[in-house]
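Several structures are given next for inspection.
In the two complexes below, subunit A is the common chain; its partner is subunit B in one and subunit C in the other.
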Partner chain A sequence: MKRALICFPVLFIFVAILSGCWDVKDINKRYLPVVMGISKGQNDNYRIILQVPDIKGGTQFLEGESKSISKAVEIIRTKAEKEVDLMHVRLFLISQELAQQGIKNIVDFAMRSNDISIKSMVAIVSGDFEKTLFHEIKRTPEVSSYDYFSEEAGWTPDVSINRLWEAYRSVYSYTEDFAVPLVQAGERTLFEFQGSAIMSRDRMVGTLSANETLINNIFQERYMDGTIELSSDASILIKKATIRNKARWRSSGPNLQSRIHLVISILENKNEKTNAEIALEIKGLLEKRAHVISDKLRSLKADILGNGQAFRPIMNDQQLKNWKETWFPQLNHQITVTVNVRDNQDYKEEMK
Partner chain B sequence: MTKRMIFILFLQIQLSAALSFYTVGIFESTTKGHWEPILAGCLLEIVFLWIYLKGLSMSKGKNMVEIIKGTFGKWGAMLILLPFFLFLVTHLISLVNHQVSEVNIILLPQTPLWMTAMIYVALAAYAANKGVLVIARMSTAVLLLFVPFVLFSLLISYKNFDMYNVFPLWNPSFSFVGKPSFYVSMYAYAGFLFLGMLNLDKPIKLRKMWLVLSLVVLFYLAVVYVPLFVFGHESITLLIHPTLLASDTIDLEWVVFDWLPSFFVVAASALSFLDAAVTLWMAILLIRVLLFPIPGKWLALTMGIAVFGLSLKIPNMHSMNRFDAMITFLFLYGILVVPVATVISSMRQRRRQT
Partner chain C sequence: MNDLKKAKWELQLMEQMETSADFRSSTFSAGDHQMTLYYLKSLVDLNETVGMMKSLLGQSTQAAPSSVDLAGCLLEGKAIVSLNGLDAPLIITPVELVLNRPIMSPQTVQPLQGAFDSFTENLDANIGLLRKKLKRKDFAAEAYTTGTNTHREIALVYLKGAVHKNVVDFMKQKLAKNRAADVHNVSDLLKLLEQPRISLVPSYLSSELSEETAQNMLAGKVIVLIDQFPFALAFPAIIKDLWSLRSDLNNPVLFRLFYRFIRIAGILFSIVTPSLYVILNAVNPELLRIQLALSVAESREGVPYPSIVEVCLMLLLFELVIEATIRLPKGIGPTLTMIGGIILGQAIVQAHLVSNLLIIILAASSIANFTITGYINTIGIRIFKYGALFLSAIFGIFGLEAALLWFCVYLAGLKPLSVSYLSLHLKGNSAYD
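Let's look at the complex of A and B:
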């Protein structure tokens, strides 16, 4: 009895302390932004725009400008009536101008801070940054801008996808660069996809079109049901793409053979070609496209296909460190595509 | 206490060490061939575990302190075991600080550090006071409740693995031997020392432990290689919680909780708290056998307050890292000298008897 009299209050104090209810801020006293826009300010280095969804389905905008990102966020906090909580930021929109100067600082800020999720997505806004950021579409309260990039929602293989941790990995990696989706404000939808920005280390050095992004996604084996058009008489659906890389280091320099194997299904076939003809055509088309991209990337010194990864087992320390600078531009890259036409959906193969 | 419970406790103490700053030490000690320092450390542990068990099996029913005391006398034993005692206390301080700072950074940024540290030390002191039997029983519950989360967090990011990040696989120069970080990370191989404090009538045999030991090696490899697969070495060296962040890279909409690392932190805290309880229990036992047999609860209380006070004396991560580097020789002493002293004492006693 005496024991219980002592133990009970002690346990009760623990309940009070451990419930985590001290200096709590209620959820209706917080702004929970989902999108963070970062552009170059008029006077200072960074201008931050936060998109906060409200209950009525609209969006509220918060702005701040300063020399550092965290100070700009702090300025927003001072201005705002409620606590600004970055925990739910899911999308970073970076202006093209800033991306061309390098995004390492932004990636470092977001990785370092413990309240920003490293799963958030990164995209670059081309054209008018403010128009895209302040863009709202009416009568669709369910739409949130990061759904556009989410593999569980509106993502399609023509769009590149880049998460914060992937950007972080590639900024520091010796052997890999990355592609970031390039968007601008859409007419009736939130965004219109413009292709991908090619990043070399942390700088944007060029762009890939939507069609070229698809090839990049095949190389990343990030593939779910993408459609390819063939010279106006057929279009196919890619069911599965696998890629095999064979890296060799010859006396002339690095040499990479990539074999892409596609499993496809035919969606439209206006001129009643045979499956073999279509397979051959697809093979020719993709090989040509892939070689064009590969050449382009080498001239930009941006290894976004991750070719260097395949050379990691055979490179020594010095070669590893100099991959992006010295060896990647000298790479000899051969790409072969093999195609397996799995079916013609509900039609038979011979249509005559 | 059955053998199985001992093995479960052993496994979890090792796992707790692996989930603390072990990974960072390994990534600092080498840029390639990460399996080399891991396996070298595990091999060292297994060799000295074998020596330790050999020494213990020669004098059944006694613990390591009694064995050493029997041969070298009270003062000799105190001299031999003083660094070991210091190791236990400093290890405890380091454990508290690392866990509390991890909880503070990841889980509770608003809660003051001393509050988390106080609860942590109080729980460990309570468990240590109850004795190793209670801790071992609790470890079985922890195994069922928390270790699945650790496995889940480790394996959930498999989708983001890029196997090429493992390369270069071979480091012919074994340069990690010259790196201080390698020795700092060696605290993780000291988890077997509690086996000598148990007063077992039937000694543990090493060949019965193969399953547990291979699980330990697998875990040690996994906590290093999972983040390596995800991030690659160049970027991972900047992070202080690589394993934890690796578990955060996956976006699963079907998991109700958005913030998966919180599971990881909670599980790691539960495991490290087991480690702290066992360490404190060992320190109390040492004092009671060698110095004065005062009741355990007063010792647990004073040591708890002392550890709490000392851990508050370390103001930042920088001094924390310096502290870890400073105590390196203490746990090396624990791993190397204590098993050898045990086996020598046992052999002398046997010779004296015959």
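Let's look at the complex of A and C:
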């Protein structure tokens, strides 16, 4: 007993001294940036801008510029009077110019550094990068730039979202590319959504409009109450969408049948159309739109719908490696949409 | 009376009791007898005794004159009679002065649902209270006199049909083995029962309420009553006693479950909240949502020292307030609480000595601590809180997990009185039936 009484404290002190977290800094001695902006500086340098929010609604901006991202962050750290902690970075804003040259290096850096959360989101800024980054709206706590993309806050299905780990996966994947939201500084709101950037491997090769992004989100099975306008003065709300892919490898090349099943409810119906008519109309509209996007993506060699995923089990190694270059452009993609109308107000539907 | 006439034992007795101011001898004649009565004035009612002398003499016992225990008899409240013409002393049981408090309502607890009578200092009265509550044939009350210098009556009270046989056997064996040890207080009793000296949770429940104690007996506990000690100690305590009171059973089932859930949450809260404050502030702020992180950082703005120092300082102040108010008379207690509340709650935050979030955290922790049933149970948890706090300050969230895990392992290893502490009930195997 006596020996244990002496041994235990001594051992405990050793453990505490040798392995404790002694270099911790209190939370009020840290800057907690929420947004990290990355653009091109002079001489191919990276220019890093960090947005540090303040509880009173203001924002502090920290800047640094260097050949590598980590050195630029280091320069910021040297300048700052507090520890700069990247663990709360929730949004990476990348300038369009940089995105067109490739973002592999940025994604790699973020994944490698242990303190950045891999759940952070990635977006591309078109237009004036500095104006977007330094944009402040009065009376809004500056965490709103993150809220814009947050599924718990301001996200709508017209906006694509892309998390860091998804970007990393897609950069290295044989069979999938990704869409990144494209924003620019808004007039009265923080951002204005411009559509989605189509990324082929790590490079931005084109854009999708907001309407087209909705289709992409349906393919990713990621939506909450997206609204679609029909030509005939009616608009509907997509409640739920499920997608089934059936992949076949024919002698002519890969062949994919996608069946989209939508559960919709009608929001506006000025011309008093029957449900069946609306369902038919939405089916035609979405099928047409989807085919347009599918064709466009094949021509850009950017598989952001993830069609290649369906072929993984039936491809051999060589086909897998050549998917994006050789096989995806040859893909024969058929898309069919089925629609179910829910929340019917008109109980005498059949009599019409 | 002439001293020369006194017997040898009388002289011896007077010499032994020389230092007792309340030792008296009085000589009087009753009928044709001349008799001398030796007694302690503080324990014996002389007038009543003399009045009843005839019947008392009839029940007297005659002791050998050489017996040295005459002084001991006096201390137990007996009186010694010397009849002239009879050489041996007669020991009688006189009418005692009443030195006992009546049965009153409890002083240290507030029973919500249940009987209001509480134990007194008198051992027999206490056993009587229990007997009245439990009219059962298998009610067992075994008396032991312990001690060599101090004689103290200890009663082991239990229900043969409900109790765990191992527990009774264990306690009887220890009582028989260590009978010679003096029992001045509960700590001596625990030593006598060979309980671990240092323990985070007590191995007994102490209660002033006869109702609660009777219910504890029904639940299979063994009650130890000590003479001149108005609390019943129920052995052994199990983990369930941290959150369940027997008087809960006087409430509807749903309400009882609710109470118990709250108390279990209270245990967790009281341990975890100060540690979490340090963890979220210093070691792992990434666990906070950004909005919360900002307001936490804001509340700590201007506080000059690290959060562990801040927490220790405030915890110490809180402990001081608890310790200072607990024994104060009812008139002055609220004053201190008010001063403490103002100093701790307002001024210390305005002086930027601690963050106001910490005040909330600590208040939550101490309120949660007092939801645990029985004051004696709360203290171990209060002590353990510091262990968890220091581990958290060093190792972050991992340290807190390790501390909680260690606490569970520690409790699992406890086996006071041959029953595992983590048992959820004590119902015996009714070996006595």
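Just so we're on the same page, the second predicted complex is superposed on the first by the 320 of 352 C-alpha atoms of A that agree within 3 Å, B and C clash if a C-alpha of one lies under 4 Å from a C-alpha of the other, contacts with A are read in each partner's own complex, and residues count from 1 in each chain.
Going forward, contacts are C-beta pairs under 8 Å (C-beta built on N, C-alpha and C of every residue); 3 or more make two chains touch, one makes a residue touch a chain.
Owing to the predicted nature of the structure, the values given are computational and were not obtained by experimental measurement.
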item	value
Subunit B versus subunit C as contact partner of A:Ser117, first or second or both or neither	both
Subunit B versus subunit C as contact partner of A:Ala16, first or second or both or neither	second
Partner chain(s) touched by A:Leu237 [first = subunit B, second = subunit C, both, neither]	neither
Which superposed partner A:Ile27 touches (first subunit B, second subunit C, both, neither)	second
First (subunit B), second (subunit C), both or neither touched by A:Arg312	first
Contacts of A:Ala210 with subunit B and subunit C, given as first, second, both or neither	neither
Chain touching more of subunit A, residue-wise (subunit B, subunit C)	B
Which superposed partner A:Ile75 touches (first subunit B, second subunit C, both, neither)	neither
Overlapping contact positions on subunit A, where the subunit C interface meets the subunit B interface	20, 115, 117
Touch list for subunit C against partner subunit A, complex	280-283, 285-286, 288, 290-291, 293-298, 300-303, 306-307, 394-396
Parts of subunit A lying in touch with subunit B, wherever the complex brings them together	14, 17-18, 20, 22-23, 114-115, 117-119, 150-152, 163, 165, 168-169, 171-176, 306, 309-310, 312-313, 315-317, 320
Interfacial residue positions of subunit A with respect to subunit C in the complex	16, 19-21, 24-28, 30, 32, 34, 53-55, 85, 87-88, 90, 115, 117, 141, 143, 146
In the complex with subunit A, residue positions of subunit B that touch it	31-32, 105-106, 108-111, 115, 119, 162, 164-165, 167-169, 230-232, 234-235, 238, 245, 248-251, 253, 258-259
